[in-house]
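In the two assemblies presented below, chain A is common to both, partnered first by chain B and then by chain C.
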Partner chain A sequence: MGNQKLYKGSLQTIILKLLETNDKMYGYEITQHVKELTKGELQITEGALYPALHKLEADGLLAVEVAKVGNRLRKYYKLTESGTKETANKLEEMQEFLKTMQHLVNPKFSME
Partner chain B sequence: MELSTEQIQELYIFTRKHYVEYYDVQTELVDHLANDIEQISEENPNLSFEQARDTSFKKFGVFGFMDIVESRQKQLGKKYNKILWSIMKEWFTIPKIMITASIFMFFYLLMSLNINIHYLSVLMLILAFIDIFLASKLSKKSKKRFKDNNKKYLLEDIIFKVSAFSSVIIFSNIFNLSAFLRYSESLYTKVFVASLITLAILYSYISLIVIPQKAEELLQETYPEYKFINNL
Partner chain C sequence: MELTTEQLQKVEDYLNLKDITYIDLRMEVFDHIISDIEVKLVDENVDFETIFYLVTDIWDKHLKQSSSFYFGVAYTAPKIVIDKAKKYFKKWFFLILPTYFIPYFIIVKTNTFFTEIIKNSIHLFFQIVTVLSFMFFLLLLFKKYKNEKKTTYSFILKTQSLNALVGFLFLINLNFLDNDGFIDASKSGILMAFIFSTYSYFHFYKKHLEAIKKHKIS
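This part shows the complex of A and B:
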């Protein structure tokens, strides 16, 4: 497991990106999906995931849906229209960030 | 193996024991725990339901569900303020601004008349009592709602309880403000005090009467499950 602190600031972007590809997801599904995609490298903790989801919902980037699944209720999150726009922005920011880090950490390879 | 309905109910009780009193927050946590417990039991079939539940709960860290409840409180508190603010703005646009201006002028003129300052204090005291009366009525209503449904939603609690109390606090401070006038009778002081009283009256009216009347609509809009749970 890598340094979780490094991922912390990117949690919202990760969630938005996942929802862009998967239409609608519930909290537990997101944690499992991330674990799978990163082969266990990144494990989103419950204590961080839900506050992030709630914040995105409050900011109007996510909408919620509730469905009865078996004998329990499940809350699904999906992107709103402004959420879709914001995802594009955040991903662009992320690319910029990765590029900058690359310049800083590995100057040789970044000579263009 | 899918959890039974009894086990789901037990999980609701479990979240309540861990200081999650709101049904909307409980529901999300119960589904999360249930999914995780099912996964844990699949990997370790020898674990009992309680053992699997405790393993899952540990993943939430030393503070348990507290961070999640707090973040939800913060977000819905913000939502409430947004609603309050948008209604408040109506009172500063035509036609309602006429009423706002009348309230302001009433207090301003009252202060400008050469009457005993105590009259103003008495008037403030009466307003404070009306406020306390309305707030306690709301708080009773909230208790009754909880008794009827046995479910408390976080936004519902903010609408019926938290805001009512903040209105009472504001009014008790406004009451102290009228003492301010004993020391200064300048135009600015009067305008300042009359503006604050006007704002406090608007705030109380909106938080104690307007928003509670819209409670059902706001709850349905915030919680997709609200409607069909109450029809079950």
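This part shows the complex of A and C:
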């Protein structure tokens, strides 16, 4: 929970990665999935999730699909073709970032 | 655990009270709140009323009335709508400046090279473009106000409607020549900015229609 600020800059990459794995997801499902995967370490708030989803949608990386589920309508997000490409780029960037951070915070370990 | 019709209605009333009547956001927020309440009802074994107030308390700050410099402080909407609208509108907002300054500087630099025939042709072209652009803007305004559905894009359109006044002011005085008989660079810049704003209005009107279509059940 104390690392929320560190995760903030990676929110779009997290969302893209989740959608790459799960085909299509709705907002609440994304928050719960992240909470579950990180054992509660990362909790995406509504105030962070929807602006990020809307930005990705505006950039053409996500497409929207509406379906009736039980007593209500549900808005699903899925990757577009360019979204799939961007996910690969973002994940590569993330790997590079993690490698650099590893060099910085643990130089001995990274030299091996 | 599915909510009863009365409980669903209570959430609907809450969203109406908060002015979440924009179809591209309403179903998403409604679904999120209901899903959260349903899960918490099972996990925390507390009554609906308590859970409802807990969940809506989290949402209150995202749904409070807000405004933005990009649209003008007179235009208010729930914060989640403003934030989404800003994401779509920001680049169009900043493009308006070059659409004024580029033609302005081109006219300033080239004005003295124009022969009478070229000057008169440009003048006539500007007059025709003004009339056509204004008529197109009026048509879009009429179509938008006939369509009562609300989306984030219709909020953007509402904030940009007054741009039609610029076109109207041009129509009152269709003269694009200055006192010395040269093309008026400043007026030309404003005209280009008006044409751009007509195009951006058309763009967001199309997006508004697309959003309505997209949020129908597939």
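Assume the second predicted complex is superposed on the first by the 110 of 112 C-alpha atoms of A that agree within 3 Å, B and C clash if a C-alpha of one lies under 4 Å from a C-alpha of the other, contacts with A are read in each partner's own complex, and residues count from 1 in each chain.
We take it that a contact is a pair of C-beta atoms (placed from the backbone, for glycine too) under 8 Å apart; a residue touches a chain by one contact, two chains touch by 3 or more.
None of these values were measured; they are calculated from a predicted model.
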{"item": "Partners on chain A (chain B, chain C) - clash or fit", "value": "clash"}
{"item": "Chain B versus chain C as contact partner of A:G70, first or second or both or neither", "value": "both"}
{"item": "Set of chain A residues, in rising order, touched by both chain B and chain C", "value": "26-29, 45-47, 50-51, 54-55, 58, 64-66, 69-75"}
{"item": "Residue numbers on chain A that touch chain B, as the complex places them", "value": "26-29, 45-47, 50-51, 54-55, 57-58, 64-66, 69-75"}
{"item": "Complex contact set, residues of chain B against chain A", "value": "2-5, 8, 27-28, 30-32, 34-36, 59-61, 63, 67-68, 70-72, 75-76, 78-79, 223-225, 229"}
{"item": "Chain A residues within the chain C interface of the complex", "value": "26-29, 32, 45-47, 50-51, 54-55, 58, 64-75"}
{"item": "In the complex with chain A, residue positions of chain C that touch it", "value": "2-3, 8, 27-28, 30-32, 34-36, 39, 58-59, 61-62, 80, 83-84, 87-88, 214-218"}
